[in-house]
Amino acid sequence: SGAPTVADVGPAVVLGANQYGKAEVRLVRVTRDSARHEIEDLTVTTQLRGEALADSYLVGDNAKVVATDTQKNTVYAFARDGVGAPEDFLTRLADHFTGEFDWITGGRFGALAHSWGRIVTDASGETSEGGVGHDHAFVRGGTETRTALVVVDGDRRWVVAGLEDLTVLKSTGSEFHGFPRDRYTTLVETDDRILATSVTARWRYTDETVEAARTPGAVDFDALYERVRAVLLATFADVHSLALQQTLYAMGRRAIEEVDAVAEVRFSMPNKHHFLVDLAPFGLDNPGEVFYAADRPYGLIDGAVIRAGVAEAPAAWDAVTPFV
Amino acid sequence: SGAPTVADVGPAVVLGANQYGKAEVRLVRVTRDSARHEIEDLTVTTQLRGEALADSYLVGDNAKVVATDTQKNTVYAFARDGVGAPEDFLTRLADHFTGEFDWITGGRFGALAHSWGRIVTDASGETSEGGVGHDHAFVRGGTETRTALVVVDGDRRWVVAGLEDLTVLKSTGSEFHGFPRDRYTTLVETDDRILATSVTARWRYTDETVEAARTPGAVDFDALYERVRAVLLATFADVHSLALQQTLYAMGRRAIEEVDAVAEVRFSMPNKHHFLVDLAPFGLDNPGEVFYAADRPYGLIDGAVIRAGVAEAPAAWDAVTPFV
Amino acid sequence: SGAPTVADVGPAVVLGANQYGKAEVRLVRVTRDSARHEIEDLTVTTQLRGEALADSYLVGDNAKVVATDTQKNTVYAFARDGVGAPEDFLTRLADHFTGEFDWITGGRFGALAHSWGRIVTDASGETSEGGVGHDHAFVRGGTETRTALVVVDGDRRWVVAGLEDLTVLKSTGSEFHGFPRDRYTTLVETDDRILATSVTARWRYTDETVEAARTPGAVDFDALYERVRAVLLATFADVHSLALQQTLYAMGRRAIEEVDAVAEVRFSMPNKHHFLVDLAPFGLDNPGEVFYAADRPYGLIDGAVIRAGVAEAPAAWDAVTPFV
Amino acid sequence: SGAPTVADVGPAVVLGANQYGKAEVRLVRVTRDSARHEIEDLTVTTQLRGEALADSYLVGDNAKVVATDTQKNTVYAFARDGVGAPEDFLTRLADHFTGEFDWITGGRFGALAHSWGRIVTDASGETSEGGVGHDHAFVRGGTETRTALVVVDGDRRWVVAGLEDLTVLKSTGSEFHGFPRDRYTTLVETDDRILATSVTARWRYTDETVEAARTPGAVDFDALYERVRAVLLATFADVHSLALQQTLYAMGRRAIEEVDAVAEVRFSMPNKHHFLVDLAPFGLDNPGEVFYAADRPYGLIDGAVIRAGVAEAPAAWDAVTPFV
């Protein structure tokens, strides 16, 4: 992962890839330049890497260990100057840790961004989505969580955006047939089923985009996020699906085709089964109307979609502990 | 609870209140009368009561036990005719079980309603909230869950609506001071703090409303839900808060004042603490901008607000197992 | 609930039952009188009641509001003198709050107790359950959580012990048949099925026990807990079950019969369905061997079992917000 | 990951690594050869890989898609012949899918194993850990979950065992000092703190072990699991810790040194902070006795420990969607 630190410590055992840091720092930032406040709400994780850290593992020597408590303090202190797009905030943190401590040669800096909308009120107490909203009262919005990740290894850096728990459903426009049948196959072919999934997606930005982002204001990561999210949603809706695999690929392909900054997209998409209930024992038909939504098991479709010609970037994706 | 069944079974032990049923039946209903589909998504729990059920507890005699599997089947079969407002659907189920089986004299019928919105797309793949939305592609919406409960005891019935996990925050307009100080008090008084909570509310409708609802279409429970939710949100936003208790009471009071159908409201509202981070060690001030959002412990404010003159209805609230 | 505070505040609206406090204070106590440490691990919730608290709801006057932060501090300060049985610790807290502040006339004091066992090691690194265990290294134990609750209303007090998530399964010795059949019944009768549940139980101690416990050391709540837990487990195992209802009642009955201190027991027990998989399509039989363990829906059996002759104690069970 | 399937589908976009399958198949297996039953409880996930699967992604052609429903059926059908060690069961599944369908050239086969113990009863209803236990009544045991993973890529295969949520705590024998101090450092050095973590560990078995396991009965994966688990626990207890990093490394090192079959171990270990509560404002000292157990943030220490000389095996660890 990132910058594996391998140190021979004897005849038998070596230290492999490692990293350490502070996880899930809960940061809420209020911007109150005017009576109309803004809020930003992040859960930040910083993890540092560097060969010099090996001694903390091997002999408990902490001389190079920037305390995780210090990392937490730094997150809060940096928020004093504002947060902005999570990708930019994480980059500021990454630059700080790798710049301030010469033995910190890389790391993995991640955030979840929790969305809030303004509460909209009028004299009658009614909420109208068209309203301008309250100056300092907010309600948690959306169902999905935005994610951001900055990975640094020496002079290299990667920026990966994403989202989790974007739950979507099509009540028609989905088929599944033509699959092979063996001794264990009982599934009936269908040309009309519910297709439902909870999208987890991560997209890596191109090296050009990451390079451009070194100039403050040159890349609008918030706008890019909104654009990719919209494309993913629209593609899920528009594609007549013959398999969830096909839908997945189409979502990635269209994101790459429509958003130049995207180098590749990886998805993990459960097929959340909705089974048509057999009402015949009760003397009723069921023309695609009444469904049982099952919890487990579920299908699970994983896949990567990559812009042709871009170099692979395993370091952006590798985790020391990929325990999925 | 409801209809406690007490049977003396010897010198030592009696059976107290009891109920049984099927919990968390996951029901998705697609209405496809036209190309423009509608979906309804409920998690339904039915629990039956009646003195004749005692023998299943006392000696394992199931002659009166409407199987929980039968209850599940009934939920799905009834959905074939449409769902509608969850309060109406639960009432249909309650009427069925107490009507079909004369020894079932009451019960507790509950649902969670999960909201979905239409995915809005245009040629460019952009989502516009102003759009009409896709005919059959949906995205899970909102952050809160709507709840509905119908309790029946013989000829009596109660209808309780509610919501959970409505997470709201005010970045100012909240004070807390004037509390007593003892040996264990260290909290500093404040005239400006973040106020954040995740509202759980349940409101019971008046007997008149419940009676009126026996006429199909006479009461629009969906509209009532939207109206109360809007009042709760607006009141949270508008009240300048001196204590979360005060905000809670104001929310209930205004719901009762503005919505005639509401007899009483009960709330459980955690005070989700946001602590101002001390940045002084880093040479920085922090004028109400950078906060640590804590998980635990949290304040917990519970309270009921009741329309003057309405009769109490403990049977609507009692649970056999109130294990909060 | 407990001490409902009802205040008329105008023509329209009154304040009903209410309480407030600090929830989920995470307390770990190390006793290090010798090299052989002991640890206690509790999650404590305190909630105070009293008519004088109404003004905090009605007008935001906090003059009587013992800050929840103060409540938290008190929990930690009291732990300095030791914890002991959670029922005793909660009683000390209850006595303090109702004694120190004369307007606090009651409350609800609860705890979850998390169990730890000693790590057992020998020179070879093997763990032997028979060993004496490490002096200061522990591993989280058990699958269930012990609960304790002390409710106070003026001079009255109740003590309710319990457990959650005690997951048990019988692979035979369970039948289910003889239930009524209607249009919606498809369930097949069985004389051999898996019976599995996750027991939530709460048992209230007799008034005599609660009174006796005012003398320090007179009642050993830890021993009582272990005794009731053992009876519940043994009864689940020993009873040949014709219905989960029957098993529930037998568990409560035997707890009351064998433990004099128990006045009543309330249970909530899901019937965690294990469905025999139909292997016939694959040319295989399935003589009770291969099962699918379903998540939802599940049966849900609730019931109370009461010692004959004991007075009812609704105040021990009522919650301001019984949102089950 | 495993067998990435890359297909050029035009000028712009290619399909990268992918896999699909059925996740979280809940399997309970009862062995009832005698009155003394045995139970096995697994949650199984199968994911298949192969270049021929690309067409399902690219054009929705399912001719090569072994339905995830078929995968589920296969899991249950194979359980008819017994389960055994999860590593062996997963290997049987892997061999089946790659053998039966020549275009399935690899995959990822995982399981969680849930532990159960026998309920021990005697006539008095007491549970005695020394007893032989009930023939067919069981209680869920342990706090951690055992994991197993078999990864196949053509002729290569890897077996990775592991555990999750093994929560351990030392009440002394842990120091943390000597770390660098910068502008953002406020942490006080300590020579006595609580050290607590929830161990997630995965260990890969050597190629020799995997090869030997092709002979039925030649490798006892259950015994290996128990042995490694015991070493991890004992090492956590025995090591006087100067850093959680040091404890992590020692745990991995000793597992490799004591268990020949282990090629490498990867850990993810949160540092679950227990903060000494400042009781001075209440006139009390706190000599390491009263602690606040915090939820978030937490330290997070990741690391791999590798037997010297073994070849790296990235394919055993790579996931298509390493979204940690």
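For clarity, chains are labelled A, B, C and D in written order, and residue numbers in each chain start from 1.
The rule is short, and it goes like this: contacts are C-beta pairs under 8 Å (C-beta built on N, C-alpha and C of every residue); 3 or more make two chains touch, one makes a residue touch a chain.
Small disclaimer: the values here were computed from a predicted structure and weren't measured.
By residue number, more than half of the contact pairs of A-D reappear in one of the listed pairs B-C, B-D or C-D, namely B-C.
Interface comparison, A-C versus A-B: the higher number of contacting C-beta pairs is recorded for A-B. Centre-to-centre, using mean CA coordinates, chain A is 38 Å away from chain C. Distance between chain B and chain C, defined via averaged C-alpha coordinates, is recorded as 23 Å.
Centroids of chain A and chain B (each the mean of its C-alpha atoms) stand 31 Å apart. Shown for chain A are the residues that touch two or more other chains, namely 26, 73, 77, 184, 186, 281-282, 295-296. Of all the residues in chain B, the ones that touch chain A in their complex are 26-32, 37, 39, 41, 73, 76-77, 79-80, 116, 119, 121-122, 125-127, 129, 134, 136-143, 166-173, 194, 227, 229-231, 233-238, 254, 258, 274, 277, 279, 281-282, 284, 286-295. Interface residues of chain A, counted against chain C in their complex, comprise 183-184, 186, 281-283, 295-296. Chain contact summary for the complex, chain B toward chain C: residues 4, 6, 8-26, 43, 45, 47, 53, 56-70, 72-74, 77, 100-101, 162, 164, 176-182, 184-187, 200, 202, 241-243, 245-246, 248-249, 252-253, 256-257, 264, 266-268, 270-271, 296-308, 317-324.
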